[in-house]
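Note sheet for the following structure.
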Amino acid sequence: MLIDKMTSYEFKKAMFLYSGALREMNTKIQIINEEFALKQKTNPIEHIKSRLKTPESIIAKLVRRGYQPTFENALKYVDDIAGIRIICAFTKDIYILADIINSQSDITVLRVKDYIANPKENGYRSYHMLVDVPVFMSDEMSKARVEIQIRTIAMDFWASLEHKMRYKFESQIPENLNFDLLECAEIVSYLDEKMLLLNNEIEKYKV
Amino acid sequence: MLIDKMTSYEFKKAMFLYSGALREMNTKIQIINEEFALKQKTNPIEHIKSRLKTPESIIAKLVRRGYQPTFENALKYVDDIAGIRIICAFTKDIYILADIINSQSDITVLRVKDYIANPKENGYRSYHMLVDVPVFMSDEMSKARVEIQIRTIAMDFWASLEHKMRYKFESQIPENLNFDLLECAEIVSYLDEKMLLLNNEIEKYKV
Amino acid sequence: MLIDKMTSYEFKKAMFLYSGALREMNTKIQIINEEFALKQKTNPIEHIKSRLKTPESIIAKLVRRGYQPTFENALKYVDDIAGIRIICAFTKDIYILADIINSQSDITVLRVKDYIANPKENGYRSYHMLVDVPVFMSDEMSKARVEIQIRTIAMDFWASLEHKMRYKFESQIPENLNFDLLECAEIVSYLDEKMLLLNNEIEKYKV
Amino acid sequence: MLIDKMTSYEFKKAMFLYSGALREMNTKIQIINEEFALKQKTNPIEHIKSRLKTPESIIAKLVRRGYQPTFENALKYVDDIAGIRIICAFTKDIYILADIINSQSDITVLRVKDYIANPKENGYRSYHMLVDVPVFMSDEMSKARVEIQIRTIAMDFWASLEHKMRYKFESQIPENLNFDLLECAEIVSYLDEKMLLLNNEIEKYKV
């Protein structure tokens, strides 16, 4: 059981690796942001948040999905133990960042889910990448998976409300709230589109 | 001239006071946020940014307004040398925070401008407070002015684009861009309203 | 029992106050440091560490001293629930900082212990102040106690080894280790004295 | 001339690379520290400081050494444009850290200077490594040199005074001060030795 192993050396070492992978990924993203600032004179990234899932929420996720809460299942089925979220102003920056991450030779992209091109049923929009990140330790190099979520400011605002709703009602979300949430998602999407158009207009002008 | 005094002791001392007032105000706001988390189990504040105006931009502001760029004029006419920006998720949190800041007995509120109730012509929405903050030094207590801007995530997103536009075109903003900016401001306002309604709905439900 | 109350609102509110007092005190000390840099062109403070005692170690301290581990006893008998440590390069800076803290009109100094003039038997040197710090909340002003420890870099190095020793052996410290620890304390004290003399020599020279 | 190029893209790109290398190296060292904490239950590292040399001090260094202050000479002759300093409690930890850095497969150690085994004439003790660090950019991988200095708390304290002295007197240090500085270096060395012995004694005991 994972519960028994939460204080085990094996579990701590796994968490150390995930935490190391988060640090490496954070550093990479900051370097990418600075390179952008150098070349395009704009920072595409508004802010970055990273988090390690707690043992409790790893267990909860396994149970919710019908798996035994073992250490092995955690490594196998929980992809977002280490998660990093990148918030951009504009949708186009999301794809530019995704391309750059994709082209880094020491990172392996395992999977991509484009919930912007294909939003979830409830209106969720975000770009997800699952990557393998090398972590250099004293005597070996190991790899750990990090889930990267890239979204706009407006998508992130929406997602925080959606999370609050899911957290409160679990799977029993009242019909009318689901409807309102979807409506908000559409306004978010419309706002992002208009703001991007305006931004492109501004950049086109020679002054 | 301010330019001559930029390295003077007098100027450095003034900047030290503004910087101290910013630190004090930052600390206050973090304590308010934690008190909220304690009592309401939610954090009203998404993030806080603070900045000191550089001597260059103080001078630019004075010149733009037709004042001589002297040290005395800087203290007298530039209210936002020390600025702090508080970003909330929901409009209602803005007014709650403003009330709490207003009720702090060691802070003096000098002026309030509610650009949410009365948006600027171009669509700008934000709640501004100008306050006097005590700074305790080794041998005396002094006061320094801080401009506090409180706005929602969506208003802040809009404002960053408006700033970029103003910075690029100065007063010569093309008519069509101004029109688009105003349209975006209305979508922002509509989104904030819808998200707040949905949030209130979620909170009303007993689960 | 404190143990029962660890998740109570009453306990959380007390911890919130201690944490707020730490933030306020930290801000004060940073402002003092910047004022110094402005006036003397040197920063007396090398670094600042602050920490809140965990409920577990509050209980342990009460039990060790023969008190019931209740919430009331914690507030009454544990003076260092909120602790802040200031590390200086030179002994003279310790007394300058203590004077400045003492003269702040919004802080009440409750007690002073000068373990530099009067080292503990095992060689421990440090300057301790117990102060009451105002914390401004939304509807009231409250006070919380903070223990301030001011020491030199060398005293701090020694203290970390002394702490490790006490933690390992509790009250059963082998005689020879105690002897070696005292010898180290004397070298520390000698080094601090020599470094201060050299520093004063350097500052005396006009170049 | 470097002076002309300080605002050039070429110079900014070089500084971006050095800054990226510092970030990468910082991340590496934090991961090493956490791995240590995991395996030995102690953190060898007290703190880490990193800094980029300003253009002004790069020029000053080139001039002092008799080189033209050109961009090419900066890259060629100034090894410590990007510098990182690791402070440990005990001398033995310095060598353990150096070994680990040395064994990282993506880092190339260009040069080592062991000023602990062979102190400088004035008493300076520290372990220096010059390394090449890979920096992954959007379309290529580049390398940048970082100078790593590893020293104990006591060595670092001494070095800050030595730096102050050198900064004040440049090459004209009064004889008696040089003598006192050397004496302090010997006390530092004696203290480090005694503290390490005591630490080893403490660790040997089974409790």
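Going by the order they are written in, the chains are A, B, C and D; count residues from 1 in each one.
One rule holds for everything that comes next: a residue touches a chain if its C-beta (ideal position, glycine included) is under 8 Å from a C-beta of that chain, and two chains touch if they have at least 3 such contacts.
Since this is a predicted model, take the numbers as computed values, not measurements.
The set of chains in contact with subunit B as well as subunit C is empty.
With centres defined as mean CA coordinates, subunit D is found 35 Å away from subunit A.
Distance between chain centres (mean CA atoms), subunit B to subunit D: 41 Å.
Between subunit A and subunit B the centroid-to-centroid distance comes to 30 Å (mean Cα coordinates, whole Å).
The residues of subunit B never reach two or more other chains; the list is empty. The complete set of chain-chain contacts reads A-B, A-D, B-C, C-D. For subunit D in complex with subunit A, the residues that touch the partner chain are 9, 12-13, 16, 19-20, 23-24, 26-28, 30-32, 34-35, 38, 100, 103-106, 135-139, 141.
Chain contact summary for the complex, subunit D toward subunit C: residues 47, 89, 153-154, 156-158, 160-161, 164-165, 168-169, 172, 174, 176-177, 180-181, 183-184, 187-188, 190-191, 194-195, 197-199, 201-202, 205, 207.
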